[in-house]
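Next, two complexes with chain A in common: one pairs it with chain B, the other with chain C.
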Partner chain A sequence: MAVVSASDTSTEMVKAPSRMSRFIRMLQRRAFATPADTAISVMVFGLLLYILWLAVDWALVRAVWSAQAVDQCKVDGAGACWSVIDARHRLILFGLYPFEEHWRSTAACISIIATVVLSCVPAFWSARRLIPLWIVGFAAYYLLMEGSLIGLPQVTTDQWGGLSLTLFLFSSVVLLGMPMGLGLALMRRSKMPVVRLTATLIIDFVRSLPLLTTLFTAAVILPILLPEWLQGDKIWRVILAFALFFACYQAEVFRGGFQAIPKGQWEAGKALGLSQWTVLFDIVLPQVFRHALPATINMVVLTFKETAIVIIIGFFEMLASAGAAFGTGEWAPYYLEVYAFVGLIYWVFIFSLGQYGEYLKNRMKVDRR
Partner chain B sequence: MLKTIGKFAVAALAASVPVLAGAADPSPTTQKIIDRGTLLCTGHNGSFFGFVEVNDRNEWKGLDIDMCRGLATAILGDPDKAQIVPLSWAQRFPALQSGDVDLIIKATTWTMGRDTELGLQFSIPYFLGAAQFMAHADLGVTEAAELDGGTICVEAGTTIERIAGDFLSSNNIEHTMVSYEKGAELRAAYLAKRCDAFAGWGPNLAVIRATEVDDSEAHVILSDQLSTDPISAAMRQGDEEFVDLVNYLIAALIKAEELGITSENVDEIAANPPSTTVARLLGADPGIGERLGLRDSWAREVIAEIGNFGQMYDRNLGKDSPYKLDRGLNALWKDGGVLYTPIID
Partner chain C sequence: MAAATAQSRKTAQVRRLLIQAVIVIAIMVIIWSTYTTAQTNLNALGITGGYAFLERATGWSYSFSLLPRSVDDTYLRTLTIGFINTLFLGSLCIVLSTVLGFVIGSIRDTSNLALQTIASAYVQLFRNLPLILQLVFWYAVFIHLPGPRQAHTLGDIAFFSNRGLMLPALNLSGEIALILLLGSILLGVIVLLVRISVARALVIWASGTAIAIAVCLLIFVPQGESIVSVPALKGLRFLGGMQMTIELVAMIVAIVLYSSAYIAEVVRGGLAEVPKGLIEAGQALGLSGRTIWSRIKLPMALRSIVPPLGNQWIFVMKATTIGVAIGFSDLFMIVSTSLTQTGQTLELIAILMGCFLLINFALAQLVDLINRRMQLKAH
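Take a look at the complex of A and B:
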């Protein structure tokens, strides 16, 4: 790469360059400075553009869109066969939920998304607002999906599925797991040996088990051991087990945050006559959250993707539904399109989570103010 | 000791009740199903081609699902009372033991280990899966003997590999066996014509032929069946009457095909039964129901709802499905298959 000469920059100092011209200059400097650079750049960009074109050509230009036109998918030179999505998208989104009741699953899905989005808005960040919001959001989801309590036909949890189940699992696990994780982290820092040892034992025990084993035990083994009245519905057992698993990892993330806070802050708080809880909630925890944020976003994103594992205990979450969507003779050749569609849904949610994490990081920057 | 004697007394008493009553009460499992009002039956966490699938209206379909719907009709009189519980392969046996399902109808092979160590009880087989060969149609072969001198691909380390090797050697068919580590590699090699034929489980071959190749006419599944894999319903041990019920459900479906009774003509034939066997099967003469603790008309209702075995097969795996799997071993005994029934007297 060429070295920028001093005269170049000095002329730029006179008037601020527009974004576009700055970008072009950057390209010139970085990619086209010497003939060799230019050759490599052209090759690389050319290849990238070619691959992009192949993808666009397959996915959009030569694609077949409607379920009626499925015969055209078999024609030579046909691209993506989105007919399979047209015909089977309801299966991917709602799993085995009864066909006539899909509006309920849609509404429930929206209620969960709205709850999650609202809890991300800073204006809602107080216990007085968050807790009612969560209660309302989750109650709405459950009442709509289950139905019998508000006079709709009952749909049992084993018929829940698709995207709406994935979202429900994810948000319940994170919502339950986050406070549990904080609790475990606090217990682990306790001065009382019994409390500290209990927390350490729980965390290390659960972390030593694979998630699959934990969930399999909760779903399949527990009903054999527990009396009938203690069993509850399979979905709640699985959510609780998953949340515990999440909490144990999240506790360690929080612990890292705690360790970044100098001991002096506690002592300073005490010296000012503040109670231990005030120091914890008003001084230490906000900083812990800031330090733990990148790792927490990581955990949340991982959890979103890991919800797919419940397929093994017979839940029809999005990936299982996708498998069923191309799991029939007429649609079996188009599994690639189904996976692309599901991948896109995952991407939208996870990308949004990541972007929100970035926003939070900027917002929490101390030196911003 | 006293406890054991007590148990014996109870057992003896329980055993004598049907004799005294003359007709069987519903078995414990059947009674539980009747009390609950639904039959809990196995589904799949996704799809298993031809056996358990989901249609465009998010409803289950497939050969196994039809068996469940048939059983729900027999016990509860309504196919929609079959509640399909999605389960993974690993989950099916614990789920049966814990009572999450009443029985397993999930392409499950009857093996000695499952019968003894897992404490299961199997019904008579309702399907025989077999290792078979698929070959390129332009070779013009229809049976394995014509593969002489050919190259056969198989998946490495599977029972199919051993079965196919044994079969070809014992029939003195010269061959070169090529094994591949993965199913996908194997299919790619076959499609690239690196082998003349490949060996696999019959229903799977049919699915591959129907879905993964451009022209399904270009491939033939050879008629030779190298092995059998009896697919049965699995139930908890200790409820023999429930096993009887499932056995006679399967028997009735096969018998109906043998007698030419279909879902279309069942009511007509029941109104005017041509033989005593038909009259007994369809409940025009009493007996078929009360001995199982069911209604005498149960077989007629089942056939009216889901058809006879041939109709179920054709709809889900055979000529009316995308897979076009030949009946092969799963034809009636009189058509060269191995399906037969106990005498329904």
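Take a look at the complex of A and C:
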């Protein structure tokens, strides 16, 4: 008891700087150190605050939040007209999916988002947990959206749209592309020259072409090259081509991971009498995944961003449904609000995944020390 | 024991040969079957293969060209214009986004918190939104600009309206400007190849380009006309100056903002990797902050900046293909329009892919060249 009170008085005497005073001292050091610094800081912070104020004023202060009719937005001095989101958010999120089935779309989106969030938890970082997680999440999405297999009214893929289509493209590309990428990376390391050369050619060729060219080829050219029974739906052709694109970049990421593994590990495994495949799957690959993790997250983020490109080859994903939300009739002047809404959805997804990648990178740096 | 290992080694070898043979056969079967299927499908559609269509006139128009064009142009000329448009837009965006990226990346590296904050906000905003979303956004904004009569103007020499951005320019035609641009790029590559210091190379390149422009002005500007052409409103449209359509402006704005945010990150990473001891050594020698920056920090950082920067340049070239979303006539849009008009699918896709392989290869060579120039001499 006496000891505790002694330590209490000592903290009393040498008072640790409070959070506030530490913040002020940091500001003094980093923003107001010299007169020139002070002048720059005042100007830049002033500019930032001004921009922030303009945005807040438009988006919150003068905004019209809900309006029965478009006329209420046409008042002089009105800011953002969020009524357009109120009226059209279902179109933006779910596209042309039947209105009374929207709960299925919502649940399907939640299942994909939950899958992505769960894969960020370290407890899931093993092939035995990650693979079932993604397959279950994706299957849940597909069963809910398509419906006929679980006794709900069938909704065909051409009616899928909006955010749910964006998430579908994203998750199927990652799910298919990841094993394809690993396969290509292993082929590129093969001792057989034909296998190695094939993989190298595919990877370099696809990486030299713009994504749009690859997708366009799959959508428009493949029907000419393939017999009818092999063509499949346009959406699956595009997803496969997108997955190939993902795989070719991911193969290079894995290759970097393989290069970080010392050769001695292979030799040690061999000396212990383990087969080549055991060494690969139980010793080398877990380390490869670990090394490749930050770059892999980069690729996943990039894929999410690039899904928007399928608007060009005629899919009704979120950007296209946003265009449709203000494209016709009364809401036409309020395109800014719609783009702000869609932009915010993309931004939150991409920013948080990106920050998570940064966090992992820093954490791994600490681990290695 | 030894015989057994020899035996198993032999079976492994045979297995490898078999696998490779199967792969070769499979690839050949795939090529042959796609070829025959394509033949029957194209015959059913009544399309004859080959490149004869390149000589036919197109009969359709498009949004942007540096060279004079008409609907009577052949497909060959139209595709060439598309290729030039892609190269022009791509190289313009590469230059602008590299400059802007270096500025913002350096700002992120300063010690001032306010500057850091605004640079980070810029990077986080433009890097974390899909490029095509930014493109259609800017296009929508520019379409809603006032018409030519109410155009935003800067001192009545530059105008910005829903018809595009009109800037004063040198009084030269598109072809000559294009030749000058190519000459300038060529000179730049030559200067990079010759082993002289980077500063001297820059001086030679800049003065060479300036002299070429001056000579062209002397030869090609007609007597009595001014050297600079200023846009002016005549009726409902602008005449003179450099006229950039809103499609072109939207492409430049979107690609430059997006790509410069990426380059800023690359530059910041490169600057952060310069060992602190080098900077402190410079300070101990009594060098000024500016000298430390230009003679120590930047040259050291450039070595780790150049390879990812080159990747970003290649990305910019490929990114020009999304112009089709707003109707900018880049190579991809010209190819896809030609495709719907003629049905010469395979030939046109081959042209498209060939052009991009060429661009990729040339840029990779250029980056490699710069990279070799940047390496430390002693190595």
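Going forward, the second predicted complex is superposed on the first by the 298 of 369 C-alpha atoms of A that agree within 3 Å, B and C clash if a C-alpha of one lies under 4 Å from a C-alpha of the other, contacts with A are read in each partner's own complex, and residues count from 1 in each chain.
What we mean here is this: contacts are C-beta pairs under 8 Å (C-beta built on N, C-alpha and C of every residue); 3 or more make two chains touch, one makes a residue touch a chain.
Bear in mind that the values here come from a model prediction, so they are computed numbers and not experimental data.
**Student:** Please tell me, clash or fit, for chain B and chain C sharing chain A in the overlay.
**Tutor:** Because the two structures are overlaid on the shared chain, the partners are seen to clash.
**Student:** Have a look at where A:Leu60 lands relative to chain B and chain C in the superposition and call it first, second, both or neither.
**Tutor:** The answer is neither, since A:Leu60 touches no partner chain.
**Student:** Touching A:Val342 in the superposition: chain B (first), chain C (second), both, neither?
**Tutor:** Only chain C is touched by A:Val342; chain B is not.
**Student:** Just chain B (first), just chain C (second), both, or neither: which does A:Gly323 touch?
**Tutor:** both
**Student:** With the two complexes superposed on chain A, say which partner A:Ile224 touches: chain B (first), chain C (second), both, or neither.
**Tutor:** The answer is both, since A:Ile224 touches chain B and chain C.
**Student:** According to the stated criteria, A:Ile312 is in contact with first (chain B), second (chain C), both, or neither; which is it?
**Tutor:** A:Ile312: touches chain B and chain C.
**Student:** Look at A:Phe94 in the shared chain and tell me whether it touches chain B only, chain C only, both, or neither; answer first, second, both or neither.
**Tutor:** The first partner, chain B, only.
**Student:** Specify the partner with more touching residues on chain A, choosing between chain B and chain C.
**Tutor:** Of chain B and chain C, C contacts more residues of chain A.
**Student:** Taking the two structures together, which residues of chain A meet both chain B and chain C?
**Tutor:** Of chain A, residues 216, 220-221, 223-224, 311-312, 323 contact chain B in one complex and chain C in the other.
**Student:** Report the residues of chain A in contact with chain B in the complex, numbered from low to high.
**Tutor:** Residues in contact with chain B: 74, 87-88, 90-91, 94-99, 158, 216, 219-221, 223-224, 311-316, 320, 323-330, 332-333.
**Student:** With touch defined as at the start, can you tell me which chain C residues reach chain A in the complex?
**Tutor:** 16, 19-20, 23-24, 27, 33-34, 37-38, 41-42, 111-115, 117-118, 121, 124-125, 127-133, 136-137, 140-141, 144, 318-319, 321-322, 324-325, 332, 336, 339, 345-346, 349, 352-353, 356-357, 360-361
**Student:** Quick check: in the complex, which residue numbers of chain B touch chain A?
**Tutor:** Per the touch definition, chain B meets chain A at residues 43, 45-50, 53-60, 83, 85-88, 90-91, 94-95, 97-100, 207, 210-212, 214, 321-323.
**Student:** Help me check something: in the complex, which residues belonging to chain A touch chain C?
**Tutor:** 26-27, 30-31, 33, 37, 40-41, 43-45, 47-48, 191-195, 198, 205, 208-213, 216-217, 220-221, 223-227, 305-309, 311-312, 319, 323, 335-336, 339, 342-343, 346-347, 350-351, 354
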